[in-house]
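First chain written, first letter: the chains are A, B and C, and each begins at residue 1.
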Amino acid sequence: MCLGVPGRVVAVEGLLATVDFWGVRRTVRLDVVDAPVLPGDYVLNHVGFAIRRIPEPEIEETLALYETLLRSMEAEDPMADDVRAELAAAREGEGGDER
Amino acid sequence: MSASGLAPPADGEALRFRDPVRARALLRVLERATRPREADPVCLMHVCGSHEQAIARFGLRAALPKGLRVIAGPGCPVCVTDAPEVDEAVTLAERGLRVLTYGDMLRVPGSARSLADARAEGARVEVVYSVAQAVDAARACDEELVFFATGFETTAVATAAVLLGDPPPNFSVLSAHKYIPPVMEIVAEMPGTRIEGFLAAGHAATITGSAVFEPFVARHGVPVVVAGFEPLDVLAGLARLVELVRRGEPRVENAFPRCVTREGNRRAQERLWSVFEPAGGCWRGITRVPNGNLRLRPAFVRFDARRRFEAWLRDPARPAPSPLAQQCVCGDVMAGLASPSDCALFGRSCTPATPVGACMVSSEGTCRIWHQYGGHPDLGVSA
Amino acid sequence: MSARPPGEARIGLRHGAGGPAMRGLVESLFAAGQREDAPDRIGLGALDDGALLRVGARWLVFTTDSHVVKPVFFPGGDIGRLAVSGTVNDLAMMGATEPLGLSCSVILEEGFEREALERIQASIDATCREAGTFVVTGDTKVMGRGELDGVVLNTAGIGFAERPVRDDGLRPGDRILVTGTLGDHGLAVMARRHDLGLGEELRSDVAPLNGLVRAALAAGGEAVVAMKDPTRGGVASALHEMAAKGGVGVLLQEAELPVRPAVRAAAELLGLDPLQVANEGKALLGVRPEAAKRVLEALQAHPLGRDARCIGVCTPERPGAVILDTGFGRRLVAEAEGELLPRIC
């Protein structure tokens, strides 16, 4: 519920993983995670236990979800154009980040 | 390949889920969607202290539109830990046992005293970041060590995991864990509430799955959206919920698909329910919540501190609540029936330095957050 | 003596935390008999970083600090470096950037390792050299095993201030500058003390700042109207005091706050706000708007000020409040009430 922080797995040894949280490393236990975890995977950590392996495509899916949500809710809205323009500007700004 | 959505905030680059541009766009969407209800705001409730923290910390409260009211429900596990439960932990500490607990519980007042008060008078109370640390500490010594286990189902999973991992015999658990879905029923059935939609906690749902809310939605005809905790997650979750309310569609929706699935984390669920069972109990200020507490199953009785130290706990010293405590309306605040500013004690006799109720102690307590961040401050939106 | 507040029959950890509880204790107990300052003495009642005593035509700054940090040795420093820097910086915050000399008293627990003491002394010597000063007097005491936790150091210092700088000089429009990154010291010590396994990325910033402050004062002169070092209680506590004393509100921009990624990550993990975490090598400066840019450049030109930023502005509204613009909305910045503990669910 709280302190669920995502981090990147750096090493795995049995049920213990070394996880990198934005440059800070912690040991996280894998007793209850829902899928096998390998270095490079992202996990959601809660009080020292990984509770979810976060599949990377899901992140894009969530962001796309938000975009769809915005588009569908503005379909007949006269102010929709300026919102879309702002989003387009934001996307252009991070164009270099897209894979 | 960059860590999409999870990259650290480097110079000039915002976390994808903290992108202020998208956030402002979502705020405008919320504003337009709720404009027809400005005189009679859409009333939504979240049941997670971390959601309240996120809303407060990112300044979202000041930015939410007039036609939307987001109420903080009983989602702070520290706040809903009942006074007699704290008294049990204090009793054990005063008897000379080493008591370990999560940081927030230290200052929560029981009927009269908190664990911090006990510590100031010489009791051995220590803070841990994880229950695993408590087990390690038990392995490293011979004396009895009690872990005062608070938190909702997500945290109970960790306690279950260590109990399944063969802890040493000097380790025991005093369980005050709680389970959220039953309290939503209580709130939805309270006379006087007009909650039109619930925002559910993304991390708890990571464990339980979003399906756990389907019976609730069927029974009460009120939509539930599961949301994460970054600013975009919260705003998008609220936007989706407002939309479902507007359309009169009582459904469960998952707005946190990167962490939540319909079935949830089966492995964690199995471990949780093999160690704990739901039991009726009292949540602070809300009286009885059927099936709202998690107690250790008989198979784990040898680690149950309530059994091991039964003699001491049978008749714990329980002084009468002070006159101030009797005026505390934390229960109403947590049920969404009152806001902190409605309480006569808020900011006067009850402050973070001198808390009367639990809501003022925990960093996720509604009163504490309002006191710290300004409640509904008239601070305006970002330029 | 003022009436004792309810619930305060015993001293708690919060009374040493640098926040409202500590200020209350000082005001109601230690400084209770000293409300009025004399024309030649600005003392306890002012609750500033040091006292100002007139000596002839000049102002002598006098300050003292006790150090109880645990662990004694931490990434980036130790209790010796802390003890010297703390006092040198308090002097500098009042405008005395050339200390005349320091005292250093040490209280040791019986059984304390001599080798550790030698390391601490080496650190004191090295930090004094950096600051251009000396320990000129001191005291040594030993208490029985178990009667004290390891070692306690107290330092005191004196120096003349050409132009004393207080912490109550802020006016609307003034800019708030910070000399570098936030939260380094507190998080490094907390991670080590609670054995949180957060890795070696977190290092204390403990350092003597008198040279840096000298550069800022040279660039800004009288336009530097307030200074304070954000130690226990962090920037939040320091700004609350400065805002209250100046009768102004402070509006901070979250995007401008300099925070190292490792510190941000550790704070996120622990549920802490870098604004509330102690710093031991940073200063806050209140600067008149016309001089802000040149003072900032002077700071950034100095090795200890490379990450200096303008983080906010003073406003006439909401005097005493410190507000943060998060980029999404605005919220109040609270002071930490007591000992910072990792938040849990």
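Definition applied: a contact is a pair of C-beta atoms (placed from the backbone, for glycine too) under 8 Å apart; a residue touches a chain by one contact, two chains touch by 3 or more.
Predicted model, so just to flag it, every value in this text is computed and none were measured.
If each chain is reduced to the average of its C-alpha atoms, the one that sits nearest the average of all protein C-alpha atoms is B. Taking B-C and A-B together, the chain pair joined by more C-beta contacts is A-B. Note on chain placement: the centre of chain B and the centre of chain C lie 34 Å apart, centres being C-alpha means.
Averaging C-alpha coordinates per chain places the centre of chain A 22 Å away from that of chain B.
Taken residue by residue, chain C touches two or more other chains at 196, 261, 264-265, 271, 343-345, whereas all remaining positions touch fewer.
Chain contacts: chain A has residues 1-3, 22-23, 46-47 touching two or more partner chains. With touch defined as above, residues shared between interfaces to two or more other chains in chain B number as follows: 8-9, 24, 49-50, 53, 77, 102, 129, 133, 151-152, 154-155, 203, 364. Against chain B, the residues of chain A that register as touching in their complex are 1-4, 6-8, 22-23, 29, 31-34, 42, 44, 46-49, 51-52, 54-56, 58-63, 65-66, 69-70, 73-74, 77, 79, 83, 86-87, 89-90, 97, 99. Remark: chain C residues 196-199, 201-202, 261-262, 264-266, 268-269, 271, 343-345 touch chain A in the complex. Considering their complex, residues 5-7, 10, 12, 14, 20-21, 194-196, 261, 264-265, 270-271, 273, 323-332, 334, 337-338, 341-345 of chain C touch chain B. By the touch criterion stated above, chain B contacts chain A in their complex at residues 1-6, 8-9, 13, 16-17, 19, 21-22, 24-26, 28-29, 32-33, 48-50, 53, 75, 77, 102, 129-133, 151-155, 157-158, 160-161, 164-165, 180, 201-204, 206-207, 228-229, 232-233, 236, 239-240, 243, 255-259, 265-268, 271, 364. By the touch criterion given at the top, residues 1-3, 5, 21-27, 46-47 of chain A touch chain C in their complex.
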